[in-house]
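Below is one structure, written out as structure tokens, with a few remarks after it.
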Amino acid sequence: MKTLITGTVMLSVIVIMLLISWIDLPSDPNAMNIANRFAPPSGEHWLGTDQYGRDILSRLLLASQSALTVSLGGVGSGMLIGCILGAVAGYMKGLIGSVIMRAMDVLFAFPNLLLALMLVTVLGTGQVNVLLAIAVFSVPSFARLMYGFVLEAQSYGYIKAARSYNAGHAVILFRHLIPAALPRIGVQMSLALGSGILTETALSFLGLGVQPPHPSWGGMLNEAQSFMYLAPAYPLIPGFVIFLAVAGFNLLGDGIAARHKEAVS
Amino acid sequence: MSYLAQRLLIAILLVFLVSFASFAVLMLLPGDPVRLMLGTEAPPHLVEELRAQYGLDRPWLLQYADWLAGAVSGNLGESFIYKMPVTQIIVDRLPMTLSLTIFASLMALLIALPLGIWAAVKRGSWVDGFIQAVVQIWIAIPNFWLGILLLLGFTVMIPLFPPGNFVPISEGLGAHLHSLFLPALTLAIAEAAVLIRMFRASLVEVLNKDFMTFAHTKGLPTRKKYIRYALRNSLIGPITVIGLQVMSLISGVIIIEQIFNLPGLGRLLLIAVQQRDLFLLQGLVIFITVTVILVNLCVDLLYTRIDPRIQLHATKRRTT
Amino acid sequence: MSSNPPLIEVKGLSKSFALPRPVLWKPAQALQVLRDIHLTIQEGEIVGLVGESGSGKSTLGECIGGLQTAPPGTIKFRGTALEQLQGAGLKEYQRSVQYVFQDPVETLNPRYTVEQIIAEPIRAAGLVKQPKDIREAVEQLLQDVGLDAAYMKSRPAQLSGGQCQRVAIARALSTKPALLICDEAVSALDLSVQATILNLLGELRRKYRISQLFISHDLHVVKYLADRVAVIHQGTIVESGHTEHVFKHPEHAYTQSLISSAL
Amino acid sequence: MKRNLRMMLFITLLTLAGLITACGTGDTNNNASGGNNPVTSNNGASSDSSNNDNSSSGSQSGGSLVYAMANDVDGLDPQRTVSASTFLVTHNLFETLISVTPEGELVPQLATSWEPSEDELEWTFQLRDDAQFHNGHVMNAEDVIRSFERLRAADSPRAGEYANIADIRANGDHELVFTLASADATFLSQLANPWSAIVLEQDGDVIGTGPFKLVRYEPQQYIDLVKNESYYEEGKPYLDEARLMIIPNATTLLANLQSGTVHIGGITGAQLPQVEQLSHLKTQGAANNSVQLMAMNNDREPLNDVRVRQAIALAVNKQDVIDGATWGFGTPLGSHLPPLSSYFVDTLDVLPYNMDQAKELLAEAGYADGLKLTLSLPEGYDTHINAGQIIADQLSRVGIELEIEIVEWGTWLEDIYAGRNYDLTVISHTGRLDPHAFLSRYLSDSSENYFNYVNEEVDQALLEAAVTSDVQKREELYSFIQQTLAEEVPALYLQSMEGITALHESVQQYESFPIGIINLKDVYLDQ
Amino acid sequence: MLEIQDLSLELYVDKTWKPALRPLTFRLEPGEITGIIGESGSGKSLLAKALMNILPARARVASGSIRLHGTELLSLPRHRFRSVYGRQLAYIFQNPAGALNPLMRIGDQLLDALLAHEEVPRKEAVRRALKALEEVGISDPERVFRAYPHEISGGMKQRAVIACAVIHEPDLLIADEATTALDATIRKQILDLFLVLSKKKRMSILYISHDIAAVQYVADKIMVLYGGMLLETGARGDVLDRPLHPYTADLLQAVPYHVKPGTKLAGIPGNVPPITAKPPGCIYAPRCGYATERCKEDLPPMVVAEDPSTAADKIPHTHACFHPLLRDSLGKETHLNTNPSSPEGRERYVQQPAAH
């Protein structure tokens, strides 16, 4: 139970950042003031300024939007595609089933970064393409999860009964199978969200992530690494926020898994 | 034996498919290798000349056919950038990537196995809580960030390790491992985090099984009980994960190679894509596909070694 | 016996599963599950099907119930082969054959309320349309299986094993079936609860002339409930007949060893 | 599980503490002073500093030097390779007939003296008699001719550049006569280019006469050189051996410098304060003969209106861009010629920073309420991306909204540079000493004129300047061209960037060259 | 041989320790098979685990003592307990497949059990292992010795498990639902095996099951457990033919083979109480046909029935009920203080004479 609370506490910090960024930002995140670069935390700039004199706090807040849209959007779409593919593969079995699953295995084995490299080089950098890259990464794990679950569920009494009184594929799929799979999907989703954010930071290190001037946590961390001497505290801030988000999602996932296991046993 | 023959057949098919896909993708990419080499200062007429010289002006299907013919006979063509046969470049890089992969995987195993077992055996205690907290942190740290910290921490602040110059194994194992220690540690930490969770979960599951209680009530000595009974049964899950991690290590450590300045396959991959070095990329893609297939095969064979119930069928369904 | 054709007539039914191919180009061996089955179930009759685990009794049940496909012409429902059933005939068959499964925990969708569980097949069969009528039907069914109408709103997690099984039976009755296929329906229940369910099944046959195919490995339960009994061993029915007769004078060696080992 | 929460906090604090100690040494006062040039390195960051006292008497010979380079060479054959970084290395292995000093004058190397005929069509060169190739063979006129034949051969990428040479003939072992098809003022500086090196083919490879010999080349890792014992200059090179290491990551490179495993390496402006802290490192700035500009697509609405381009030029404070993008290491420019060039004319005051005038011009051009443009920046080039962002911020103050789009390098070359499908973009051009190489891209019909800039007068001036050898006439023409470019602003000229090199204190007599070569001949190490 | 004195267990539920098994006292004698009958949630399995000191984390012994040959097991330190396992105590599981390590050959697991307590040279150990397999009725011990668990049938697996358990001829063998997962034919053979073990090897066996037929077939003495309480104990004949406690009687009425064909089964209304439910009165009161006010308030103590024919060495027939079902000497059931107010209780008992 505790992991669930710790997870939600951490994520609530991120959500608060998101809300503030929608309402109003302390100052214009892109306004540069070269004279005032690396200013220490002060009244006007709570977390100080970066190498262009831009306010770190507002950039961090704005970045929460891109971080969440990229990971939520990416993992969300990956989940949808993955689940549908997995459900179809598990439900139909036969040739279609094994073809889908073999494709998933290949996608699973393919190194993520190379995939992102090719995707981003073909489609160009920017938020949408990073989102696509993360979506493609998360499809296989969801497909496998759903495939396994559907196979297992075939032996459940209420599924067999539903098939015997001819409840119809739609009812079986959407009212029986998917609701039953939701807790597991929830767990996988939160783990994938965590790794989604990490992927964004990795991509921005290679210059393929969310591009300037739009701020992103990964981008800020990457830039900060070269100014560590000038402002040792500067890289800590994005690093800590990333840690908060990733650990938050992971703990949330563990919490849901634990609660789901209790509920079932 | 016929099963292996079948796996070989699928492997060859897979390599062909993947190489065709990557060739097509590279052709789609805007940007042309010659112009990339010449940059903005090159004399204008030079671009056409070199394109003709490399045969890049022909339709790409023809180029693929040429490349394939060469590949089948073992000649993967020459890299535009390095003007050296692709096979030689890869072979030069292989020892470094292999030793990094093996070193990092062993280190990850050395960290994850004891901690995973300790957490499982003492599940629910403060030890378990502590290890799980550490795992959460290790997972949450982006690995390039960890790399930089280790680099600065242990090469500059406390000069324990040489920063970023790779010592090949030919110059002595000690120096070789010494130069690879930090990058391997960075990789190992990220991997170990995942492995610890995996070991702990599968071990806890096994410890609750009936045959463990039966071993206990048979009066078996604890050490034998844990190793011969509990550990062996808890290996199936982690092996799959280790297989995946080895695969990603061989081709996916671009970031660590950049930070620690290691001339590995990852960085070569990045340069090949950015410079649109066609033949180099094809060579690398084939190499990665082959290693993926080999690792998969090893993992499957390992399964049968560990678990007699598993029979390898055409459709790879495991009958556990 | 009544003149019209038997409710269910199984003739020469054989079924086998293809094992996974060891190698792509080598043919897969087939695992013979059922061999040349002959069985008839009359209207309003309880037929017991006794066999050890792995004898193929569940597969036979699922073939009769339509959950698994049977070779053409081997199973007839009221005289017409299953695969020939179309449109109204098919709907009629699906409506009149219902299932009761073994594990009370997995037989009900944990997220549904009792009312939803029982109402779904009614809606699927389309017999009754208006929500008010459906609710009434559900109340009546709950009463038939000895459950208070107050249970309508509760969820499976709040019910005991026996109560879950009663809801499952109510669900099976909802489409006014002619045949109930009970696959080890009482094996997972405690003895005291088991008795109440057996009584319920007997009562249902008496009150609504619902015939039952009662599949079980427990000889005593079958002996108590079934009018006729068929003994299945490794995919073939080795013996069948009136329960008294089979238990008193077993002819086949396997039946004899089965009866002698019944404590 | 309550322990889990407490444990998590404890671990986080532990890691944070670790982070802080790892990256910040106690005493750095991290609030660097204001934006102006924070650097007060011990030898001043003047453009072409060379602090050593050239005293060769006290020099120590021997020792091995490690030089760190950011990107790899592509092969070691000066006549065949194309990428700029290659010549950093080949300069130490091969030599040209004429060499060049850091100040840009031409000085003898393999040729001791040369004089032209009256009509400047024939040039006679006297060659050294004591220069040996690395295999011991003494260089003679025949070798030079064969080397030029190889340069002008069909499969040589640079054959076109020597088309003007009609014939080369030797009279005697150490005298050479070049006959040109037409008089060419750039002929001499052409011979000084690194790819005009004199090479000898030996079993598929090429060897030179340079101060160092190649030992081993490991792509992506290092290039090992060793002293050429039989080098004709007495006592040189001082070093026994040199290793050129390839370290692309800036942080890693600095770490190596700091730990002493590397003696010389280029660093970024941001890293300078860190290097300042270290007593065992010194820094040395040097202009690298480059021009950073924001190119404008002159035939695309509204950039085809010169007033709009001028307004943009007026609205950007170049010094801010320099401080922001290159940490103050660069000299602002008014036109497309770096200060190092002998024909440089200062055109900074043509369009000085003036926001109001910019707004007026915009209004005059009909864009009083501002306009929107796309700024495409090449991915991976931080200096250009940084400059682009600063410009975008400044232009937004006069109502010009720039939408930044980062483009992958290969795509930039294809779509923008070759395809000219862009509004604005930021790039830098490094060139050779000869002004023609810099300015020829403004010829209306040139394939490198990605500005789409058309001006007949400039075309004539360029063609004429390329031909006349009368220096005074060339100065007039080139100053006219620079003036016109400064006024018509086909591109917003930003700065000529300076490279900063960090050196270990024991490194003496290292000179930074403007045209991208490393000269290790004169370098020695205090033991 | 094994005396249990006022043993009670607690379960950790909703963050507090709740009583689960009420204090119970009984003795196990060598060569005697004691059967425990109990439905799910009656605490029978908890009891078994308590005896073997393998209680799960969420359960603990609240009070009482377990003395084996006089030594108190509850206070025995862990390492000393190890020497007791296998040599004096043995335990068999319900699911034979689960009790065998799937990755090891049967022979190796057998040798492990043997070598855990004795230093025996390999050849000799193998010989004894093969003999052990033969003794449990395995026809071709060599094949089974080399086989993996998934290569042999369920019945064969259970025999192998028994072989492992009894290789050191322990004094007490606890079988927790040992035949429930087996098919009828094999179940009978395993039960016969238990009979052989108990008689020939003078081994005391505690056979725990919800399957009354199996217990009836094998047990000399029977204990009836319900809701964590011992309701009735006694010799098999006494308990099954002349049940004193209403729950035992009702349970027997609900078992198909125990009822004369054609008569209607009598199910017990209501549900089985959760293990942690501890009402003041008799645990069975809510479902009992004879329940009186007294039953609801006071906890009926365990008393020995005054049965005229009690012989000296006969197993005492005890029960925990205020209104035991007394009988006249002919075994015809007479019932002293039936509660007129509950018609159902009355009608059910008068009609069906107890028949065997």
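Here are a few things to note about the model shown:
The first chain written gets the first letter, and so on, giving A, B, C, D and E; residue counts start at 1 in each chain.
Criterion: a residue touches a chain if its C-beta (ideal position, glycine included) is under 8 Å from a C-beta of that chain, and two chains touch if they have at least 3 such contacts.
These numbers were taken from a predicted model, which means no experiment stands behind them.
Think of each touching pair as a link: the shortest run of links from subunit A to subunit C has 1 of them.
Touch-path distance (fewest steps) from subunit A to subunit E is 2. Comparing mean CA positions across the assembly, the chain most remote from subunit D is E. Inter-chain centre distance (subunit B to subunit D, centres taken as mean C-alpha positions): 38 Å.
For the pair subunit A and subunit D, the distance between mean C-alpha positions equals 43 Å. If you average the Cα atoms of subunit B and of subunit C, the two centres end up 53 Å apart. Between the Cα centres of subunit B and subunit E there is a gap of 56 Å. Each of residues 29, 136-137, 141, 148, 152, 274, 315 in subunit B touches at least two other chains.
For subunit C, residues touching at least two other chains: there are none. Contact of a single residue of subunit D with at least two other chains is seen at positions 1, 4, 8, 12, 19, 23, 251, 380, 408, 410-411.
Interface of subunit B with subunit D (complex): residues 29-32, 35-46, 49-50, 53, 81-84, 89, 92-93, 126, 129-130, 132-134, 136-137, 141, 148-149, 151-153, 155-157, 159, 162-166, 258-261, 263, 267-268, 274-276.
Note for the complex: subunit D touches subunit B at residues 1, 3-4, 7-8, 10-12, 15, 18-19, 21-23, 25, 74-75, 82-84, 155, 157-158, 160-161, 218-221, 245-249, 251-252, 255-256, 258-259, 261, 380, 408-411, 413-415, 417-418, 427, 429-431, 446-448. The touching residues of subunit E, counted against subunit C in their complex, run 39-40, 154, 183-185, 187-189, 191, 210, 212-214, 216-217, 250-251, 253-257, 259, 261, 264-269, 271-272. Residue ranges of subunit A in contact with subunit C, taken from their complex: 155-158, 160-168, 171, 175-176, 179-180. Interface of subunit B with subunit A (complex): residues 14, 22, 25, 28-29, 136-137, 139-145, 148, 152, 244, 247-248, 251-252, 254-255, 266, 269-270, 273-274, 288, 292, 296, 315.
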